[in-house]
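For reference, the structure is listed below as C-alpha cells.
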Amino acid sequence: MPFIPNTDADREAMLAAVGARSVEELFSDIPADKRFPKLGLPEGLSELEALREIEAMASRNEVASKSAWFLGAGAYNHFIPAAVPALASRGEFLSAYTPYQPEVSQGTLQAIFEYQSMAAELFGVDTVNASHYDGATALAEAVIMALNHGGSGRPRIMLPAALHPEYKDVVRTYLAAFPVEVEEYAGEPAAAGADARTACVVAAYPDFEGRVRDLSGAAEAAHAAGALFIVSADPIMLGLLKSPGSMGADIVTAEGQSLGNAMNYGGPFLGMMGATQKFVRKMPGRIVGQAADHDGRRGFVLTLSAREQHIRREKAVSNICSNQGLAMLQATVYLEALGKGGLRAVAELCWNKAHYAAGLIAEIPGFAVADGEYFKEFVVKTPVPAASIVEKLERRGVMPGLALSRYYPDRTHELLVCVTEMNTREQIELLARSLEEASV
Amino acid sequence: MSVDKNSRYRSSHEWARKDGARYLVGISDHAQEALGDIVFVELPEVGKQLKQGEAFGVIESVKAASDVYMPMSGKVVAVNDAVSGDPALVNREPYAGGWLVAIEASAPAEWDGLLDPAAYEAEAGKE
Amino acid sequence: MNLKPEPLAFELSSPGRVGVALPKRDVPAVPVPEALLRDELKLPELDELTVVRHFTRLSQKNYSIDTEFYPLGSCTMKYNPKANEAAAALPGWKGSHPLASDRCNQGSIELIWKLQESLKAIGGFEAVSLQPAAGAHGELAGVFMIRAYHLSRGDSRRVKMLIPDSAHGTNPASCTMAGLTTVTIPSDADGGVDMAALKAACDDTVAGIMITNPSTLGLFERNIEAIARIVHEAGGLVYGDGANMNALTGVLRPADVGIDVMHFNLHKTFSTPHGGGGPGVGMVGAGKALAAFLPGPIAGRKGEAYAMEVPERTIGRMKAFYGNFGVLVRAYTYIRMLGAEGLRRVAESAVLNANYLKARLEKAYPVKYPRRCMHEFVAMGNFADGVHTLDIAKRMIDYGFHPPTIYFPLIVPEALMIEPTETESKETLDGFVEAMLKIAEEARTSPELLREAPHATPVGRLDEVAAARCPVLCYRG
C-alpha cells in the first residue's frame, strides 16, 4: 500500500523483535467477540479512481466563478492571489504540528506572530490570539470572557438584533449551561441599554444586513454601566474604515475567511479574536510571543499557556486546543502580499462597486435599498418574494444574493446583496437587469 | 526547603504571619520551588472579603498554574504591587518581599488552628 | 533547516511597494464619509517575490512530516497523502457557497453524506455530525449532548462527569464549559481505570464518563465493557474520546463496547494535515440514545437528492455553516482510497510499529506500564543523573527527529510519549532507535551535550520565562 511501507518480510522481522506470532495477537486485549468486524465500506480505490470519483462530485456544485455572484452573508467571494495557496500549501507548513518544540517550529511561530501583529493593527487592539474555529465561535468565546470578567452579578448579554443568525445560534449553544440572559437590541449600540447586570454589549460592524453603525459612544455607554464592549467585525472593511479598538472596543472578533481563504462550502474559516492589554491573560486560544535564546537570538514561542486546558484543565479559560493554523497562514500571506495599499484598494473597490450596484437597483421600479451606511452588502426590498428571484436567477448564471426568508420566514420580500472586487461593472449591470426581469 | 518560624501554614502551602494590626499572607518556599519560575501573579482587589480556604488569587509559572487559598478569613487591606511587577520576587523571597496580600483578620483565632512550622515542614516533606 | 535569521515582514517593508495588482475601478467613485474613515494602517509593504522568499524561508525553519520522522505521541503524525490535497483543491469545492441552495451544492452535500456513512460504519454509530471543527470542539458537542439528554428526561441532578486521571486536559475543560463538575478517577497499577474508584463515584448525580481508549498511555482499556455497564446502570452515559482511534480502525467499532457518543479527530486518524495547529475536524458520532441530539445541520439523502437537515432534538450549531469542509474532502479521499481492508491494515501497522519501537527501546528507556501497547507507548526519560526528558527531547532534534510528546500524560513522571504511526518504514524506525540508544548513552557519558541541545537549529532553547513575564505579542516598530 502506498501509505504503509512495511512489507511482509519487515512485518515478520518486527513481530520477532516484539515476541508475537501474529499481528492479530497484538490486539488480544480487545474483546474477542467484537474484534475485526466487517465494516461494510466500499472497496478501496487507486488514487486515479478516487480522484475521478471525487472530481465528478465536485463538478455537481454550482460555483461562484461560473456566475455573476452576489451572495455573501458571512461567506465572501474575494480574490485570492496565487501566492497565497502556493506558499501556504508547502509541506513544511501543511504537515507540521502545533509548534510545541520552538527550535524546530520557528516558521509556524513567526508566521503566527506576524499574523497577530497585523490583525492587532487592523482591529486597533493590543493583542490578537492565534485564531479560533470561525467568526461565530470567536464571538461566543468573547462573550464567555465577558461573563467571566463580570462575575455572577452580570448575567445579561446584549446582542444586536441584526447579528448573523448563525452566530446567534452558536452563542446560544455555547451558553446553554450558563445561567445567563441573552437579549437582543435594535438600533445603535450606544443605546443598547446596558445596566449594572450586563456583562457585555456586542456590536456587529457591519451587521448581518450590511449596515455600518456608528460605534462612537457605544463603548462609553457600555463602560459607564460596567459592561464590556465587544465588536464582531469584517476585516476587509477595516482596511478602509475606523478600527473597533479606536472606538473603545475591549474585545474584537471577526470572520477572517475573506482574507485569502476560499468560500469552500463554509470551511475551514478563520475565527479572529483580539483584546486590549487588560484582557491578555484572560483570552482563550494559543498566543505566540517573542523570546530570546542564550545567545540573544530572537525567536518565538507559545506563551501565556497557563490559561490553557493542557495546564489548567477544568479551570482553563476555554477548552480550545487547536487553532485554524492553515487558514490563519493564508490570511497572513494575503495581508503581506496586499499590504497597506492593497487591502485599502480591495476595500475601496468593494465600497464603490456596492454603492454603484445599490444605485442601479434603487432605480428599478418596485425595488428599494434600505437606508443607512453600508460597506459591501445591503438589503434590497423586492416587489416579488426574494426567494423566487433567487430561484429563477441562480439557474441563469446570476446568484443575486440571499433571500432573508431563509432565516426570517416573515421577511419574504428582502434580498441581501453582496458586491466585492470580484464583480465587474458588466456583472453589476447584469444583476440589475436580471432583478428587473425576474420581478415581472 | 525553608520555613519561616514566625508564620503558620495551610497544607495547601500558604502562610500567614502577624504584622502589626494585620496579617500578611504568602506562599511557602516549598510551593515556589514546586511551581518553578513564577511569571505572573493575580491578586484580589483591596476591600474584598474572603473566607478561610477560599481562593484569592492565581500564581502562574510557564508549566503550571496554581490557585492560592486564604489561610484565614478576613478583608484584604493591601496587595503587594511589587510582586505584580516582579513575580520572581515570590521565588526569591517567599516569606519577605514576596508576600501576596495583607488582611484584616475577621477571626484571628483561626491562626492558632494552622500548621506550625514543624508540622508544616513534616507534611510538605512527604510530597 | 534554514538557519539564517529571517526578518519580520515589517522589517522587510518599504513604503510604496505592493505585492498584488488589482483591477482598476470601473464604476464611479463614491466618497467615504470622513467620520467613518480610518487614518492609518500600519501593514507591511512588500513586492511579491519578497513575500514568496519570506514564507519559503520560514517554511524551512519547520520540522514537518514531509521532511522528518515526527513521533509525537497522541497526535498521530502520519503521512498526509498528496491525493487528499489534490481532491481538496478542486475548483468545484473552492467556489461552493454554504448559503446557496442545496440544489447548487449537491456535490458538497453528497460528499458530506458519504463521509458520514463511512464514519458511521467505522464507529458503529447510528448517526454522525461533521460540524465540530476540532477534537475539543467535538468533545464539547458530546458533553452538551449528554447534558441535553438528561435534561430532556427531566433529570437535572446529573452534574458530575467522571474523568480518568490520564485524560487530555480538554476533557475537564469541556465539562466546565458545559456546566458540569468533574471527578477524577485514578488509574490502577496496570494503567487502566481503577474499578473500585469508578464504582464508588457512580451515583444518581453522574452524567457520564469520558474515556479515551486506547488511553493516553497507549493501552487498551480492557475493562471497557464493564465500565460502560457500571456507568449505564447508574444512569450515566459513556463519552468516547477518539483521539487514539488510529489503533482501532477496522479492529473495533467503539459503539460495540458501549460508547454512546464519541468524537474522531479526522486530522489524526484520517490523515488530514495538521497545518501547524489546525484546522481539524472533531466528528461526533452517536448511538441510538443520543443521535437526535447531534449538532447540525447534517447531510441527508432523499431519493437521488441530498439535503442539509437539522437533527430532531439538536443541541444547536457548534459553528456557522457545516464544518471544516475542506478537511472533510481530504478525509473522504483517504477513506475512499483505503477501503475497509486498508483501514484495518492502518491500525495493524500502527500498532506493530509502536510495539516494535517499544521492544527495542524499553531497556534503555523504562516504560511504566510494560504491557503490550497499542499505537503508542509512554517511556520515561529520567534514567541518568541530571538529565531530564526535556534534554533528551532536545537532543533528538540534533539527530534529525521531531521529539515525542513530553511530560504528558501527567501521571507518568518525565513522560516521553512515542507514536510512530503506520506510515513509517522499518528503516526509519531503526534509524530512530539507533539515535535514541546513542542519546541514552550520551545521557550518562556527556550529559552537557543533551542539556545544551539542540545545536543546529535556527535558535537555541528560548527563554520562555522571560517571554511570559513581559509578553511581547506584536511587532512594535
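Things to note:
Should a chain be cited, it is by its letter among A, B and C, assigned in written order, with residues numbered from 1 in that chain.
Here is the rule we go by: contacts are C-beta pairs under 8 Å (C-beta built on N, C-alpha and C of every residue); 3 or more make two chains touch, one makes a residue touch a chain.
Note that the coordinates shown come from a computational prediction; the quantities given were computed from them, not determined experimentally.
Two chain pairs, A-B and A-C, are weighed by contacting C-beta pairs, with A-C ahead.
Set against the C-alpha centre of subunit C, every other chain centre is closer than that of B.
Centre-to-centre, using mean CA coordinates, subunit B is 38 Å away from subunit C. Subunit A and subunit B have Cα centroids separated by 43 Å.
Centre-to-centre spacing of subunit A and subunit C amounts to 20 Å, using the average Cα coordinate of each chain. Shown for subunit B are the residues in touch with two or more other chains, namely 39-40, 60-63.
Within subunit C, residues 464, 468 each touch two or more of the remaining chains.
Counting partner chains per residue, subunit A shows two or more touched chains at residues 305-306, 311-312, 315.
If you check the complex, the residues on subunit C that touch subunit B are 407, 464-465, 468-469. Listing the residues of subunit A that touch subunit B in their complex gives 281, 305-307, 311-312, 315.
Within the complex formed with subunit C, the residues of subunit B that make contact are 37, 39-40, 60-63, 87-88.
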